[in-house]
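Across the two complexes that follow, subunit A remains constant while its partner is subunit B and subsequently subunit C.
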Partner chain A sequence: MPVATTQAAPAAVAAPQPQRRRGPNLAIVPWVAPAALIILAVFGYSLFELFSQSLQYQGTWAGIENFKLVLTDPLFLTAIWHNALLLLVVPVLLALSLGVAILLLETKRGLRGYRAALFFPYILPIPVVGVVFGQLLQLNGGLNEALRSVGLAGLAGDWLGDPSRALWTMAAIIVWKEVGFGIILFLARMLSLPADVFEAARLDGAGFFRMHWNVTIPQLRGIVLFYIVNEAIVMVSWVFNYVYVMTNGQGGPGSSTVVSELYIYRAAFADQTPELAAAAAVLLFIATLGLIVSFFRLQRSGEGAFGD
Partner chain B sequence: MKRIKGIIAVTCAALLALSGCSSAAYRARTSGGTLASKPAGTYPTGPVKLVIWWWGEQEVAGAKGWLADTVAAYEKLHPNVKIETVLQTTDSLIPAFQAAAAANQGPDIQYFWGGINSQEPAWAGHVLPISDYIPASELKHYLNAATEDSYKGKILTAPWYVNPQFPVLVRKDVLAAHGLKTPTTWSDLLSTCDKLNAAGITTLAGGVKDGWFGGWLYSMIDGQLVSSPSDVTAAVTGQQKFTDPMHADWWQRLQETVDHHCWNADINSQQLYQAQQQWVSGKAAMTITAGTDAPNFVKKVGADKVQITTMPKIGNGPYAGKMGTTSQTVGITPWTKYPKVDADFIEFMHSPQRLQAWYDKTGSMPADDRFDMSKVTDPVKRQLFQMALNGAPYLENYIPAALDSNAVFTNVQLVLQGKRTADQAAADMQSQVERLRLTDRSLVNDFKAWKR
Partner chain C sequence: MSTTRLGAPLRHLILLILTAAALAPAYLMVTGALKSQDEFLRSPWSLPTSPRLGAFRAALGDQLAQWFLNSVVLTVAAVLITVTIAAMAAWGLVHWPFRGRDTVLALTVSLMVVPPVVLLLPLFQLGAKLGWISTYRIVIIIYVGLMLPFSIYLLANFFRAIPASIFEAAAIDGASAWRTFWRIVLPLSGPPVATLVVVNLLWVWNELLLALVFLQSDSKKTLMVGLTGFQSRYSLDIPTVMAGMSLAVLPLVLAYLFGQRYFIQGLTAGAVKGE
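And now, the complex of A and B:
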């Protein structure tokens, strides 16, 4: 069998041959089609309805009128601004998650316990978090009472009732809840990194900061990118739950915690202007799509989110 | 990357193209307040299932038990009918119905607050006028139906119970301990605030975190300054302005309560019902609560220590010193299969035996002039019912719900927090209504038709 002999020898030493491009495998179509059709029906119909409503008013073509009304609404612009401000939370989340994950990596004892404790907030339902923090952060709530009792009354404040603080208080709560996800994600990746790289760095005399800055973090590039994009999407289109629960669906005090999703919800179900809600939702959809596309671009330009 | 861009571009283009030919898919508010209609038909003999979404246990303790008894009694009379009741929360009452209505499905009978809260769903085609199914000879007994819930000669929803909105509860013992009496005029109130504040006592306990209390204050203060609800609807349609003194002065009065430290310091971080507990515990001299719930508060503290009154009098208008009155209502939805049964059940709610049972179970006033007031012996309830019967229009029920939440709720929060002045609040309310006229292109016509 000369063919087998001649192919086996070079394969052991040479780089893998590029795979030949194959044509579409039609055999999988019957297996994938039902699920694909359901997904297409659900998401396709929703998207179609969304775009359709955004371009109409009471069943008649309105062109971009609804988009104009939304984009000139000070409340919508405020909501978008708040989403943008919440994006500033992403670097904080990243730094905290990475820092704590590295500390846990260095921990010799009790890793499981610490890991469970830090992940616990992430699995708590948002309504529970909202109610608990809503009580805790009242002007005469637990946090302020504690501050007063230790002589730090000057630090006490109306955390959720003061318009200038409310959004940042909410951001802090989001950090508290979301940071566990990042820690677990980064720690899992760190624990799977080859030990010999760290060993070599140590032998080369790398200290704690140098080793993690130059060895650990670079190897997490893909997962860090994934986490950044994921949390950015949370800040753009997943903060509704927090705001709704903690402000009773009002986005108050005033409009200090209104975010784009709440704007859409209120336009659709409180103000009876579904066409404006649809127009705002289209804008939010496009913004989120932009984030996802950015992620794919970053992923391609790097080493791949899960491939490093 | 090119492939992704291509897919996105093609998808967007297809959606845009398709959306241009999809006018039928849109279900929204109908223009010009065209009311929904449906033939009543005959009373069915086959199995019937009705669903009722309702709210109210929160402000009328005992309502749940009464409704369960009423359903049971009705089902006994009509064995082919089964009725399911679903209790809604305050925050979900309107959004849940809106969401259901958008899908053209939901309850057969829906609970609506009065005035604009029953008008707007009806203008959107989500309510069958109750007067199409219940004769005028019956409806004329339903309190506040003609004033709040009528439109183009029809009654939209059926009043269920009367809500005196809103009594001020006064702790006479707390005031007396500081040598004070119940304030009856606005200047009395501000003076009381000054004295109690100096003594470290809160004069008025309230909570605006959830917004609702803002609407209460608007109605209780501005309600005394207008000459009729038409003034308010005129400001909505643009014939008057919310910056005119009649509509803007109430912000100044609110500002005065802030300047005189009338409120609990944590008013912005407290929800409405949480804050009222400060009054129960004696930390505050006065609070404001739903009229239906007032007797329960009185019972908690002791009738001898409490006085029920109205918001201190401002000005000399026709409603100065009066309490507002409204009826909470139920309506029939257009997707119900059995409007005849829905209407019959609503009439059954107003049968003499059920009216009396309502009072016995809840202590609040059924919205029906056939209720025998002589049975009300409790002086607190008697006083409240009389105040409601001679009450003023409840102002919040005459402005668009969107204006209420986006301008009144928010500006009250900001004025109470000291982040916005009275003038800024009035200007914001005016700019919000101007914007609302742009976004809700049926608003002016609907309000003008309602006013007529």
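And now, the complex of A and C:
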């Protein structure tokens, strides 16, 4: 496949050095250079620019003024509060996907069909999900209709237009779309566990709940940890697509679904306040960094880790 | 696998309800495209009484095909370049180990979690300076950059697990680094490369934020950006919107149905130890 690399070949061929030397061997350069250049341009340059902009106002040094402005902006505080609330989605996702994975583990007949269907939402593009749920959740849409027909009319409501519901509706849509990933992830891990562990537990007379609580789940420790951190990072910094397509880029109704990413996007491109966008982006970057560092701490303290 | 208590009927009932919940929106979308507006508003869940294809014709008349092609070009280019460059870098790092290599790899991996929105503003300003807004090249470079950390990490891990004896044999035969890579390493790397292709394809195809910001001209829009604006264009015509959405996901769904194995294996690689 990588036909495009043939031009790099001569340099590498010209260096028939023995392997496993201590110092850096210059023959490595043509192999690593393209990746290094692109990574430096995309991450190195941007992060440097971002930090320096967050400390300036129209080209002059501003110290932490931008950060003060952002941290006292009610909209930014609302946005990060919403991200914090969305973190509550993580335990829901975890419980649901572990539970379903266990049900699937116990299922032989129809396993492939169930798995294919349950994973299906994960591959759908978010704009499509946004539009279809937009219709489904109208005041007279499919969901309210279904609720009324089963006698739960009291639950029906304006799922997207009611500011007190909109964020939770968004959270539910995120769960609907993301849960499939957790299911196949956990199921794949469970199916790779040695069968004799289950065998032994069964011979000991362990019932359904005891067996999975005491045998299956503890074996998944590493991957569960990975999943929790991964999803926490998603909730803090990767929900832009959902909010953007569900609310036409506004975060509405009012500011009821504004999240930090949308705040940054709007500050940079709609409100033309790049300094505030830069400061908010730095804060978001630090938050994700904090999450990943805590993950590595936790991972080191435990044994079985994800994909060493 | 292991059959314990919790009766099979109850288990199947729960799974069937969840399956219905997972598929219901797709049902609403496809049937909505085949119904008239009135019929959809009156009874969203009923089957279409007299299916009509007019909405599909209207949706096809729009720019869907163009957006689709744009997405294909962008996705294929970005994924191909990413896998090529990542394989070279990973092989370089494995073949010529040096002091601090593992630190370099760890730093690269940690870039995986940098949210794209953080990089958006500086990259946009850079793009504007270069006059590259609304060009594919800047979007491809950014996509490649964002996909490289995971891709290098995955391939480097795989290359490291190849038994050293294979390389030693190649070295004795006088094979160059390039030859070893091309003739020995790549042919062994089918599974991780397939994984990367699937994971990266899905990511680029569904990426919205960067495409939205960088590809502003109408002729360059990706399918995701086009679809996001599709609803407001046809806000009063639900069947056409639903038909557009159905057409847009059709290739993806077909790919999923036929290549389900690759999707699932690709996305769970790493969950299974030693793979």
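Operating definition for what follows: the second predicted complex is superposed on the first by the 268 of 308 C-alpha atoms of A that agree within 3 Å, B and C clash if a C-alpha of one lies under 4 Å from a C-alpha of the other, contacts with A are read in each partner's own complex, and residues count from 1 in each chain.
The rule we apply is simple: contacts are C-beta pairs under 8 Å (C-beta built on N, C-alpha and C of every residue); 3 or more make two chains touch, one makes a residue touch a chain.
Given the structure is predicted, the values throughout are model-derived calculations rather than measurements.
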Message: For A:223, using the defined touch cut-off, is the partner it touches subunit B, subunit C, both, or neither? Pick first, second, both or neither.
response: second
* Considering only touches as defined above, state whether A:161 meets subunit B (first), subunit C (second), both or neither. => first
Name the contact category of A:39: first (subunit B only), second (subunit C only), both, or neither. second
So, does A:83 touch the first partner subunit B, the second partner subunit C, both, or neither? neither
- Of the partners subunit B and subunit C, which touch A:53 in the superposed model: first, second, both, neither? both
- Message: For A:97, using the defined touch cut-off, is the partner it touches subunit B, subunit C, both, or neither? Pick first, second, both or neither.
- Response: neither
- request: Go through the superposed model and pick first if A:206 touches only subunit B, second if only subunit C, both, or neither.
  value: second
Of the two partners subunit B and subunit C, more of subunit A gets touched by chain C
After lining up the shared chain so the two structures overlap, which partner does A:140 touch, if you call subunit B first and subunit C second: first, second, both or neither? both
- Message: If we overlay the two complexes on their shared chain A, which of subunit B and subunit C does A:75 touch? Say first, second, both or neither.
- Response: first
Intersected contact list for subunit A, partners subunit B and subunit C 47, 49, 53, 140-141, 248, 265, 268-269, 274, 289
Subunit A partner, complex, touching residues on subunit B are 1, 4-5, 8, 11, 15-16, 18-20, 22-26, 28-31, 91, 94-95, 98-99, 102, 120, 124, 208-211, 265-271, 401-402, 405-406, 409-411, 413-414, 417, 419-420, 435, 438-442
Listed in rising order, the residues of subunit A that touch subunit B in the complex are 47-49, 51-61, 69, 73, 75, 137-141, 158-164, 247-250, 252-255, 265-266, 268-276, 289, 293, 296-297, 300
Note: in the complex, subunit A contacts subunit C through residues 1-2, 4-5, 8-9, 12-13, 15-25, 27-28, 31-32, 34-36, 38-39, 41-43, 45-47, 49-50, 53, 100, 103-108, 110, 113-121, 123-136, 140-142, 145-146, 176, 180-181, 184-186, 188-192, 195, 198-199, 202, 206-208, 211, 223, 233, 237-238, 240-241, 244-245, 248, 261, 264-265, 268-269, 274, 277-278, 281-282, 284-285, 288-289, 291-292, 304, 306-307
Touching subunit A in the complex, subunit C uses residues 1-6, 11-12, 14-15, 18-19, 21-26, 28-29, 32, 41, 43-45, 80-81, 83-89, 91-93, 95-99, 108, 110-111, 113-115, 117-126, 141-142, 144-146, 148-149, 152, 157, 167, 171, 176-179, 186, 193, 202, 205-206, 208-209, 212-213, 223-224, 227-228, 230-232, 238, 241-242, 245, 248-249, 252-253, 256-257, 260, 263-264, 267-268, 270-273, 275
